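Both complexes shown next keep chain A, but they swap its partner, so chain B is in the first and chain C is in the second.
Up next is the complex of A and B:
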């Protein structure tokens, strides 16, 4: 059933196009969006592992009948094994990543449809287009194809912010595009340099060329390409110096949009991080750069989060800080470190979406996200307050929730790798994350209600509560049974840990 | 003037005269927490320099500790730099690009 592999990208694109065409037909939009959003997490579960060659152009080695008429100049060299088609690779790690992306997408779409009075076809278009792009980024083995979908995801992110009717959203979207105008061409230049040196855009073929002496791995052009791709990775993931604009982007989107956009950042981080490790693993320096940038993201993200008075901005900075944990795992380069980092990525995508949607209920009811003007929401919604509290516990790594397991694995991996300092910093920053969350929770839910605080919407939609409950179940299941996730991530971690 | 007063003064400087909201205990304690977190995280991270040279690590920790003590409070300055101004963001993006390229190009060739 490898035909399901391209469908993981095609279905959300088709859904996006349909929703845009049906703009203003509210009921139809709701039905189509829900049905197709339900398919998103189902497709990776149903699909078999394997490769998909677009156009059916398999490598010559897999099609001996075609090779019989060709000269040995082609069949007797590396050309015989090279991939002529855009290739999508669907393995166990991709299965769990695409499933989690689909789940976050489903719940974000579900929440947005019931929180807005009139569902917007354009907003739905942006959400589904972003999901399609990030799915392609996770699946593709072609670095130019990755760049194309990377750009589509960036545009979808800008679109989600533009469609959200929040003060200052246009300005933030414009700034994000301007900064993207610097960073994305640098990524493309890095891809072009790789193509120029290796004559290939297929990642597996590029690695083959590097390992078998077809090109000089120490070529200065390749070093430059690595630097440029790392820079594109910083932009796509929202790592420093892009952490300020990325957190601003999260804060200027609707809660459902922010939940989805942060998942885009997490999976872009993983996809490009894994590619950097795969191609440039022979440069130990690349690992140190990943470690350094991740450490900086953790420190800057979490210290900036505690200073914020805006709820959405605070979660935005926390999300950037949590990305650092993933990077520490990848940068350690050991099998256990990479497994823990990938597990943390899965957990972060779920928990941050949970927090955005949870605190989004306060925004839905009051229209205010400034903690100085909020209070007393516990009396109004004790059940929602409990769910938000649990989401905060999950992010800080309180047992038995999921991030406890991944953070514990990361600390153990850093100690085993001979870098216990990283473990100390991760513990310290987890404590500060917990404190940051409790500060916001106290301000919103526990403090007495300010006299001038108006409640605009009394009832929170049931869809939002259901979405939060689903996130909570995922957090508990992954926390109690981490092997459910790590067993899917282990093969990728082993292959990366073996080469680093 | 002690550290607490310095932080309150810096917060007032950042907020400017337009913002009439008072400096609360929460904002001051948040700033203090961020300050302590930043300093302790960087100092602990510097200990990793022991992998390069133990003497370098000791010198780096002492120099950075001294610099922090002289420049305290740091966090208000950090917050001021990490604002939403496009000019500041562009400056740091270009600076980061230069650092990344320089590190990869010369760092790998000379290691």
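Up next is the complex of A and C:
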């Protein structure tokens, strides 16, 4: 069922529009949001692999009757094989990425609907719009289409922050937009330069032009395009120098929103990272740029997380640090390294969402996220404390949870690639991640409750507990049976590992 | 001396981008920063439009009676123009959100100074 491919983007957009229309009808919003959110992870499972051409315009080579009246300038050249339509490509890797994005989206929407007394249609709109945009970013084979949805995702992120009503959210949103106002046009300029050199915005066609000598791959314009696209990639995924603003964005969103926004960052990182590898892998330094930036993100993200006293900020920085692991896998350029990196991306999207929602329960009960003012939450909610502890273990890579498998695979891949130093750094940073998490866990759950700590909401909504349990099940299943995920990622990794 | 139209447009685009980056990075007034960002977006749009320019070319509308070979050799490239239209819409939406946030921040802080509102 290839017709389901565009529906993966259309359904969340329609849902977003409905929710916005029904802004003040609380009950209707809840029902529509839950039904349509349930469809999100189901669509990639039901859809068949393949390509979808918008407008039905297939390449001429696939429909020769179309080209009968066209001049030989078109039918006799490479134009015959080029893709005239915006093309969406749905393969096994996209299946798992879109499924995980849909699952995180479903659980984030589910949590948000039951944590607020009056569900906001606008908040739902932003969440679904962001999901639609990132799904399109994952599916599209057209780099300009990717830019369009990249911008929509940035606007949805800003919307999620604005709706939160957390002190300082407007200031953070504006800072993020100003930086985006520079980074996004740079990404567009990179796309424009690629168009200028190759005459194309379809990624497959750009690669065809580069590989078949239609353009000079050593052209300095292509180098500049690579630099500009990398700049957009850094902004979109929150890598240094944008790590501080990205973690601030996470900290100014509601826990459900932050869980979703970090998934946006992870999948933007993957989508653009894979495109950079596909197009620019012939440049000898492209691999080293990815490795360097990822290493910096790991070190800066995780070390800055130790210094934080705000829970949300701490998870935000940990999330940035974890992105570095994904980048190391991609940067290694080997099949095993890329598989491990992509697996780590899937795991990180789940674990960070788990942590945001887990620590979000503390925020829900107390309205405080400063660890210096918290304590004694273990006595009040031992089950939630256990779930949060397991989420932290998963992030640090404790067996048998999922990140243990992906981090182990990454360390093995780095040793096999002749870079054991990276393996040592990854182990050390995993220990630091564990320490950082345990420090926060001790402050919030184990330390005696401060006398002035006021509990505003006694009971945590069941929906939040269910969401955390689902995340835990995913962490355990992916940890015990990693091949469930890696078998889907292997084909993409093999195709990329072959070109690097 | 007449400067080549395409080259002049490309230079103008680069100038707009540089002025925009300067304004966004160094000017303290939030509205001026936003104007700077608009300059960057406009510069990139002009750059893309300039790439689609074809000296002596015709508009890419295929009319009855035109020879297909002649049309394909003389029509300008339509893709950059389609891209710019989309980009303008995105730019306008982003700008509207930014200005909306600035209005809220102005009401809250009574100032438009980025150093006071954003803290750096």
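As a convention for this text, the second predicted complex is superposed on the first by the 499 of 500 C-alpha atoms of A that agree within 3 Å, B and C clash if a C-alpha of one lies under 4 Å from a C-alpha of the other, contacts with A are read in each partner's own complex, and residues count from 1 in each chain.
As a convention for this text, a residue touches a chain if its C-beta (ideal position, glycine included) is under 8 Å from a C-beta of that chain, and two chains touch if they have at least 3 such contacts.
Predicted model, so just to flag it, every value in this text is computed and none were measured.
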Chain B versus chain C as contact partner of A:71, first or second or both or neither: second
Touching partner for A:259 - first (chain B), second (chain C), both, neither: neither
Touching partner for A:170 - first (chain B), second (chain C), both, neither: second
Partner chain in contact with A:182 - chain B first, chain C second, else both or neither: both
Partner chain in contact with A:224 - chain B first, chain C second, else both or neither: first
First (chain B), second (chain C), both or neither touched by A:192: second
Touching partner for A:201 - first (chain B), second (chain C), both, neither: second
Per-residue touch tally on chain A - higher for chain B or for chain C: B
Doubly contacted chain A residues - partners chain C and chain B: 175, 178, 182
Chain B residues touching chain A - in the complex, by the definition given at the top: 21, 24, 26-27, 30-31, 33-34, 37-38, 40-42, 44-45, 47-48, 51, 75, 78-79, 82-84, 86, 89-90, 92-97, 100-101, 103-105, 107-109, 111
For the chain C and chain A complex, residues of the former touching the latter: 17, 21, 24-25, 30, 33-34, 37, 40-41, 43-44, 47-48, 51, 68-69, 72-73, 77, 79-80, 83, 86-87, 90, 93-94, 97-98, 101-102, 104-105, 108, 117-119
Residues of chain A defined as touching chain C within the complex: 69-71, 73-74, 144, 148, 151-152, 154-155, 158, 162, 170-171, 173-175, 177-178, 180-182, 184-185, 188-189, 191-192, 195-196, 199, 201
Chain A residues touching chain B - in the complex, by the definition given at the top: 172, 175, 178-179, 182-183, 186, 218, 220, 223-224, 226-228, 230-231, 234, 240-245, 248, 283-286, 289, 295, 298-300, 302-304, 306-307, 309, 372, 418-419, 421-422, 424-425, 428-429, 432, 435, 439, 443
